[in-house]
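The letters A, B, C and D name the chains in turn, as written, and every chain counts its residues from 1.
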Amino acid sequence: MNVKFAGLDIGGPQFTVIAGPCAVENEDQMLQASNAVKTAGAHILRGGIYKLRTRPDAFQGLGREALPIVKAAKAATGLPFLTEITSASQVESLSEVADFIMVGTRNMYNYDLLKELGRARVPVVLKRGMSAKLEEWINAAEYIARGGNDKIILCERGVRTFETATRNTLDLAGALWVKQRSSLPVIVDPSHGTGIPALIPGMAAAALAAGLDGVMVEVHPHPAAALSDGAQALTTEQFGAMMDRLAILGKACQRPVRA
Amino acid sequence: MNVKFAGLDIGGPQFTVIAGPCAVENEDQMLQASNAVKTAGAHILRGGIYKLRTRPDAFQGLGREALPIVKAAKAATGLPFLTEITSASQVESLSEVADFIMVGTRNMYNYDLLKELGRARVPVVLKRGMSAKLEEWINAAEYIARGGNDKIILCERGVRTFETATRNTLDLAGALWVKQRSSLPVIVDPSHGTGIPALIPGMAAAALAAGLDGVMVEVHPHPAAALSDGAQALTTEQFGAMMDRLAILGKACQRPVRA
Amino acid sequence: MNVKFAGLDIGGPQFTVIAGPCAVENEDQMLQASNAVKTAGAHILRGGIYKLRTRPDAFQGLGREALPIVKAAKAATGLPFLTEITSASQVESLSEVADFIMVGTRNMYNYDLLKELGRARVPVVLKRGMSAKLEEWINAAEYIARGGNDKIILCERGVRTFETATRNTLDLAGALWVKQRSSLPVIVDPSHGTGIPALIPGMAAAALAAGLDGVMVEVHPHPAAALSDGAQALTTEQFGAMMDRLAILGKACQRPVRA
Amino acid sequence: MNVKFAGLDIGGPQFTVIAGPCAVENEDQMLQASNAVKTAGAHILRGGIYKLRTRPDAFQGLGREALPIVKAAKAATGLPFLTEITSASQVESLSEVADFIMVGTRNMYNYDLLKELGRARVPVVLKRGMSAKLEEWINAAEYIARGGNDKIILCERGVRTFETATRNTLDLAGALWVKQRSSLPVIVDPSHGTGIPALIPGMAAAALAAGLDGVMVEVHPHPAAALSDGAQALTTEQFGAMMDRLAILGKACQRPVRA
């Protein structure tokens, strides 16, 4: 079932583009990134407020301090906003700014959190666990749907394999397999899926051509200065060029990217 | 650092054996299993109260109904009890019966839950995520330790690979690598690690010989009738034979199994 | 470096399509398949003469009996022919009919065979080993190139992962990574890469959109009756529809598919 | 079926230890290593004559120059010798010195080579492919057996997974699974299986305790100066200590290590 929300029809004809920085760092960074992705044609803004990090001493996100920054970015661009939830206790505070809630790869099996989101009415982007089987991913979505929340978007973000040249192995065929077997829209995150900026536009184009429903990419005005995941962020210029490429491809595939 | 609790010294000379059914199903089943594993020489009783299952319509455990059954089993055997936590909200109710709290493979990256357990004082058995790198596993333990809870036992339970003949690929060398690099006791779960009863005693013996600190195995009086994971449970007879084998080996390795 | 051969410029503007049955079975089957793929616009014909099979009692290919059948198919279509080599001793007999020699996934590390092909002058399609790292794949090509044969095409065919819903996990991003780092053309085999006909056209389209140089697909006039790998073969009708889709996409991407 | 050869009964009560350097480098190195492993109680000497290396410009072994060195080492120790074959054309020259021929991980799927060895009468040690399923490994042995050579020993050497802390993931449970399903002896290579000297003795002990039939380990008089794989070689002192540990364990398990 398509997810219709905030004027969007995810899973419908339009190919949906979600973009923004890995983490909300400060107002300057967020506004620069937001305005750039809006100008290039993105449909949804993303930005991390609470970050899950492997090491407990790494930057864990601004938390509530990010809320006014996000409000400013939404006001400036008019775009809906997506962010990751890392604890069931955040549902209320995130609802102040989030139009979409994302469940990250580390929490795909956190059925307790999924059940909580099943009771919410916010659309959920459910990322695939880093080594989740496709059937398990579909079943995880079922944990949300059983609570009565049918606004679910699946997001493939690469699986963990023996290959180390890329950060993960982006399983486009797996994403397509799920799209053919479930009624849910399926999008792709080539930023985490590859970890390499030079591969992101090609994989975004591949997702569109394969028949998937959208992409989520990380964009930062100054990747080298990013507090998290800078190495995989596109610059605003690279993102603009990617959107041009997707727009041409979208016409040929009858999946318009820009309105 | 060894975990000294309930008269045990996990990580010390004795090789620790944790045994019991996958899930607490009813009083008969639990008492039969408990008495059998006590007789054979197990040191800690295990049994699932809340179960994480891939499908939302699968048996999810008895929940609070299991508490009096567990109390009866503890009273009958005098053994301490270990069970899995699946939600931070269970800390209090589980504390009525649980001497050890286990974090299962699906929750190793659930840092929110790990922080909660860092504030508790109950010893925690932290299973490795099904595709967690060894460094990530050590870092996850750090999320607990930073809260002030230093009673942490790591448990290798097999990782997900291409091989399908066994349920998982038990990474004994990885467990040993972690033992050599952290100060925490490291045990092994050959039941989930292999999924095949005929392999469990051999892998338990291997864990002991390799220098690891203990094993956790599933034992059920009637595996064919088990409500979950029956196919990988040892019968009480098989468990007794395994304990005999471990006892002989433990003497040779100066890791006594029975007091 | 592009591979220019038999009137083709692989790695050049045109997106190359290689198609035909997994194995040459008999003249009827081969001619039907060949004529159909020629009509639909394929550039190179494929067909197995010697097959590597996991079980020694499985169909191992027609061997020399296939040669006159292949000659008939080449004469009927005017297409160049590609087949797999499974032993260095076959170089001479295969040279009677093969315009391209393929090294299959099981032989990517067979450096003895690669050196032999380095001494030949036939273009070589080198498939990635089923769990070969990208660097190892590039190094394997180097074993051929050092012998003086610079006509090498790399073919990604899916890697082995924990996922079982698809036959392999097609690593499109890895293929693109190699294309950006080596001077060799890189194509994709979505038939082995997915094992599922419904996913093949989408993955072929994805390969084109991503900027890769071609695809190799298995086509059989009667997949259900195929002696090997029938379950993943496209029918001739499905192949025709796929070519129509690629032709449209190729125009948008300036990678023409049909002349 | 046990492999009885050169006075040994591999698969019988004795736990077999194969040891020596990764590659034969020169007479001094080979004699030092050989005398040390003999003294410590090894049953078979190993050493690479032809090496398969990922990069074509890496040291590829001494080739025929190694033959007199190996003869000297055999004469000095009285031990039988095992070496890897990398091309069917080497069967004859290797037969001058090799009592056991090893098929390495890269050649497990090289059915052409396996058939050739099926026609030979030398015992074959068949390593598991780096991502071979257990069933495929058993089937590969069948390629040898069908030729009439029933002297086959299987060797688990670690599989390729996402884990990078260890060189490979040693699949002891998989090795035991194969032992329970085939009639062939199964040994383990903890040197390649872990790549870390500190893990090798523990994994060798684990293999013995699990019920497997032997180990193969790399020993070098000066690991830091080794021309290949030095980082994973045991020193002769470490090997001696490992043998002492195995001897104690072997008594407890009724798998004597030293005569």
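As a working rule, a contact is a pair of C-beta atoms (placed from the backbone, for glycine too) under 8 Å apart; a residue touches a chain by one contact, two chains touch by 3 or more.
Everything numeric in this text was worked out from a predicted model, so none of it was measured.
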{"item": "B-C compared against C-D, more contacting pairs", "value": "C-D"}
{"item": "Far-end chain from subunit B, centres as C-alpha averages", "value": "C"}
{"item": "Computed distance of Cα centres, subunit D from subunit C, in Å", "value": "36"}
{"item": "Inter-centroid spacing, subunit C versus subunit B (mean Cα positions, whole Å)", "value": "48"}
{"item": "Multi-partner residues of subunit B (each touching 2 or more other chains)", "value": "131, 135, 160-162, 164"}
{"item": "Touch-based graph of the chains, sorted into line, ring, star, complete or other", "value": "complete"}
{"item": "Touching residues (chain side subunit B, partner subunit C) in the complex", "value": "131, 160-162, 164"}
{"item": "Complex interface listing, subunit D residues touching subunit B", "value": "131, 133-135, 159, 161-166, 169-174, 176-177, 180, 190, 193-194, 196, 198-199, 202-203, 205-211, 248-249, 251-253"}
{"item": "Subunit B-touching residues of subunit A, taken from the complex the two chains share", "value": "52, 54-56, 86-89, 106-107, 109-112, 130-131, 135-136, 139, 142-143, 146, 160"}
